[in-house]
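Two complexes, one shared chain (chain A), two partners (chain B, chain C).
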Partner chain A sequence: MREIFKRAYDWIDERAKLGDLVDYMGKKYVPINRHSVWYYFGGVSLFLFIIQVVTGIMLLLYYKGSEELAFESIHFIMSKVEFGWLIRSIHSWAANLFILAAMIHMFSVFFTKSYRKPREMTWLTGMFMFFLALGFGFSGYLLPWNELAFFATKVGTDIAGALPFIGEPLLVFLRGGEDVTGATLSRFFGFHVAVLPGIFTVLLGIHLLLVQRQGMSEPIGEEGAEKGESKRMPFFPNFILRDLLLWLLVLNLLAILAVVFPWELGQKADLFASAPAGIKPEWYFLYMFQTLKYIPARVLIVDGEVLGVLVFALAGVLWTMVPFLDRKSQRGEKNKLIDYIGIFAVVYIVVFTILGWLF
Partner chain B sequence: MSEPPRDSVHQSKRSFLTFLLGGSLLAWFGSVLFPVFSFLKPPKQAEVEVRSVKVGNLKDLPRDSGTIIRFGNKPVILIRTADDQLKAFDGTCTHLDCTVQYRGDMGVIWCACHNGKYDLTGRNIAGPPPRPLDPYRVVVQDDEVFVAKET
Partner chain C sequence: MRIPVLSAILALSATFSPVLGQSVRPDQCLECHQALGDPPVELFANDVHLQKGISCADCHGGDPTQEDMEESMSSKAGFRGVMKGDDISAVCGSCHSSTETMRRFGSRLSTDQFALLELSVHGQQGVSGEASILQCTSCHSAHGVVPVDHPSSRVYPLNIVATCSACHSNASYMQRYNPALPVDQLDKYRTSVHGKRNGKGDPNVAECASCHGGHDVRPAGDVKSRVYATNIPAMCAECHGDEGTMGPYGIATDQYEEFRQSVHGVALLEKADLAAPACNDCHGNHGAIPPGVASISKVCGTCHVLNADLFAQSPHELGFAELGLPECETCHGNHAIIAATDQLLGVDEEAVCSQCHSETDRPEGYAVAHMMRQLIDSLETETETAGLLIEEAEQKGMEVTEPKYKLREARQVRFESRTMVHSFDGEQFTEVVEKGLKTASDVKQEAAAAIGEYHYRRTGLGVATLIITILAISLYLYLRKIEKRPRERGHAGTSTQ
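Right after this comes the complex of A and B.
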């Protein structure tokens, strides 16, 4: 057996020069410091993304993306297909855990200012992937074609439509018409399984390549692991093995959640029914949803919803551009302002999510 | 009479070629992108213009209740109030497009999505809705209820 592996390895090595790669991996180190625990959340996000790809492809074998058949096909998956309930439940739970892990990953990078030079591109690709992840969540949410999803999509696309100038054409593009109909479902299906995964995979490739090339960032003022001046561990196999152990734990957690709290299907969407009481979007949109509830109909001369959308859009742009705005961290100085902004963002999201959940 | 120097001939030839190539490139992009963007824009579906719909018999509408009816491809809310008046409004909330419902316990038209409220004349009275609901006309003929566009 060993002999076969050795010969296969040699055969590839002779052609693709694997030796260089192995050498490179062997020289890569992960710093050990008080923030090391955060290094794992990127890996967890990656693992959950892989789960999504695998379970997503499995669901594709039975799912039918049309107004008449979408709800029924998921019902079929959950009631007739062997372990269909499990795969669908895992896909839904992993989606939520993925967003959560990506959020923790993002905030940890933000607070340690790891986005500073030379990792601006890593931050940018990460942020774009985060926005795509929200797009995955939003488009995937509609696919079961149940009433919660139907109204969530109406509200979400209407919010996009509130943007000045591009709002109207954007709304028609997203909905495939003026209203949310079967045409919207077809489009969202296409976005969810083709457009978004395609773009995401490219960004992920760049992101991972940059991480491999540049290594892990270290907190400001504690650099030195690269030269072996501070504590570090080899990336391979020490860090990888820890990563894999954590992945195993996450998979267990995922299985427990998916089995103990199976994801519900709800009622089929009815285009001519009132929005049900207690309608809420997924938790990661809840703080924005809740904010829109509190903004009055008109603020001075602007529509309340337009104002809300513009403020969130502006906040998102500034957040994404932080490597270029935070000059102090670039110079290796402490920047308290960034900490306060980050704390404000976390507190705001937590408070408004809880408010949205309670009311 | 002296001929223009060779350099400037070259120059004008070159800029002409640049113009020609650049122009062709732009035209090429245009001819590729135009069909692509046109494809992305959903075609206008021919809509039958609905002026009025027959809802059903008056006795099927209990007092102090509301129902959503299909008016063409738009939802319209039809309400029979506690004091036996029939009212109809556009069923789409003016805030973010959800479909409203009648709440007898509050005596208002209510939107579940963001807690918007309208009184029974369609006026937005609480929550985020920016505009009132458009009213529709309700006509009763021999106990048959019809809903029609306001003219």
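Right after this comes the complex of A and C.
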């Protein structure tokens, strides 16, 4: 058996020069420090994304993205297709875990200031991927065409429509018209399975390439692993196998969630029905939604909702641009202000998400 | 002969009248109009207003003390002449809407008649666009008004039917206001017990105003109308629930109480379900029974059509007729009809079949009743069991939309079988129930399969978790092994180089 593998490897190596890659991998090391645990969340995010791609393709074999058939096709997947219920449930759960893992990954990079030179582009591609992940969540939520999804999309696109100047055309662009209709569903389906994955894949490629080229960042004050001055572990096989171990655990968690808490389908959307009470967006939008509820209808001369949306948009831009704003960390000095901002952001998100959940 | 008496009354009343007490001079209005032979003067001789000391001038204005016609009927003296339109009711209302004035005349009449009239259907604007449809005088007359309990009053129970029908039986008149309203109410009324007794001179039976009200007549579709569907039972009970009124006729007074507790009463009065029958739906409105029904015993079939059709083809139709038994009422009762349950069927003590059928007396019916009850009980048990299984599967998070839909079919068959009971035909009944049993059985199987699938999934999860755990432990052990190896050789697996 070993002989067969060796011959196969030699055959490929002769043509694809695998030796160079193996040499490169063999010389690649991952630093070991008290923040090393956060390194794994990038890998977990990647794993969950792969699961999304695989389960998404499987769902695509049966899903029909039209107003008349979307709900029915998901119902068919869940009741008639062999293991369809499992695939759909895993896809829904993995979507949420993916955003959670990406958030943890993003905050860990933020707190360890890993966005410092030379990793500004890695941060930027990561942030864009995070925004795309939110877009995946928002567009995917509508696809079952159920009551909750329909009204959550209505509210969500309404908020986008509140933006000054670009709000109205943005709303029409997102909805494919003035209202949420079958046209919105077709559009969201297109975004979800073609536009977003296409852009995401390019960004992911750049992101992974940069990570491989630059290696793992070391927190300020704990540098030296690259030069062999502090503890480190080989990327291959140690780090890869540790990643794999975590992936297995995540896979098991997903299976448990999908079987014990199967994702419900709800009632089919009725365009003429009134909105059910307590419409809420997905948990990752909840803190923003809850904030908008607390802002008064008018703040001085500005519409409260517009103000809220603008503040969040500005915060998103500043957050994305942090590698260029945080000069202190760039110089290798500790920047407490960034830590405080990060802590504030985490506390704010957690508190307002809980408030949104409760009220 | 009457005229001098009239003058004497007016002279006297002018002396003592609190309104007109200023003068003892004879009423010049009467003096002159008597001489002219005006009919209103003669009518006025019996008018209740005259007896209370109210003169012509109190309504028509003018100065009755002046002999000179120019002066007595001058606008300066407030002469109004013959009033028209709403001015008529306004003059009546000027006294009849004033508690103080009415009390001064020793009257206990209600003072809200005018207000009620204005809100009533008759208070709406007439086709002329200048005045209400009715004025006070339209029903009470102008110069011959007598108390309502006086046999000569136009609104006395024996006369009011003619008063109302003067307009309501006039098709060309009614067409102007409500072409959809029938004009044969009087004819129908005369066919009813109420109408017949009224025609024979009984003033205590219901006439138009008893049901529709006097001044407050509203369209039947108005929720405030006395004859709005949900108000009818209480309205009828004003007489039919009163022992004093019903005693002389020997009619029971418990119908309303029975009806309130019946399935129809609960639907109509508590749930405001207008599809449920009120008294008139079975007993008729103006006529004796609803149109198209041979007798009240067949009235149930106007709503319960399928049951009535099946009954008409059943052996009970003839049997009941021979025994002089009413159709539906024999088993279900009349005013106190409770919701029909399966307990009515069968040969148990509470079953109505056993009232006529026993093992020895009419045994064929006994056997059919026994079999029907067994089948309907089986169907109930099967559908309930299927429902419980569906519920269990749903609670386990399983997708059971299809069997749930089928369960509705099985439950529908239960209703169908209850209807089919009225055929009293064992074969027809069995055919229907077996259809339901088959559906319930399918539902049970599908629900059980869903529950089985639930356990299969859990088992699968257990196996998958076991495999993943073994893989994870193996991986962990392998990692420990490869990370230990360099240390054994004097290097850290997690190297510092």
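In this section, the second predicted complex is superposed on the first by the 359 of 359 C-alpha atoms of A that agree within 3 Å, B and C clash if a C-alpha of one lies under 4 Å from a C-alpha of the other, contacts with A are read in each partner's own complex, and residues count from 1 in each chain.
Operating definition for what follows: a contact is a pair of C-beta atoms (placed from the backbone, for glycine too) under 8 Å apart; a residue touches a chain by one contact, two chains touch by 3 or more.
Owing to the predicted nature of the structure, the values given are computational and were not obtained by experimental measurement.
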- request: Superpose on chain A as described above, then tell me if chain B and chain C fit or clash.
  value: fit
Field: First (chain B), second (chain C), both or neither touched by A:Phe151
entry: first
Task: For A:Asp179, decide between first (touching chain B), second (touching chain C), both and neither.
output: first
Task: Mind working out whether A:Val259 is in touch with chain B, chain C, both or neither, as first, second, both or neither?
output: second
Message: Under the stated touch criterion, which partner chain does A:Met78 make contact with: chain B (first), chain C (second), both, or neither?
response: second
Query: Can A:Pro276 be said to touch chain B (first), chain C (second), both, or neither?
result: first
- prompt: For the overlaid structures, how many degrees, to the nearest 10, lie between chain B and chain C at the C-alpha centre of chain A?
  reply: 40
Query: Looking at the overlay, does A:Pro296 come into contact with chain B only (first), chain C only (second), both, or neither?
result: first
Message: In the overlaid three-chain picture, which partner chain does A:Leu163 touch, first (chain B) or second (chain C), both, or neither?
response: neither
Field: First (chain B), second (chain C), both or neither touched by A:Ile32
entry: second
Message: Output check: A:Leu251 vs chain B and chain C. Expected answer is one of first, second, both, neither. What do you get?
response: second
Query: With the two structures placed on a shared chain A, what shortest C-alpha distance in Å links chain B and chain C?
result: 8
- request: Identify the overlap between the chain B-contacting and the chain C-contacting residues of chain A.
  value: none
- prompt: Where on chain A does chain C make contact in their complex?
  reply: 29, 32, 75, 78-79, 85-86, 228-234, 237-238, 241-242, 244-245, 248-249, 251-252, 255-256, 259-262, 264-265
Field: Complex contacts: residues of chain A adjacent to chain B
entry: 151, 154-155, 157-159, 169, 172-173, 176-177, 179-180, 183, 271-279, 289, 292-293, 295-298, 303-305
Touching residues on chain C, where the partner in the complex is chain A: 397, 399, 401-402, 457-458, 460-461, 464-465, 468-469, 471-472, 475-476, 478-479, 482-483, 492-497
Query: Which residues, counting only chain B, touch chain A once they are in their complex?
result: 40-42, 45, 68-70, 73, 75, 77, 91, 93, 95-101, 111-115, 124, 127-130
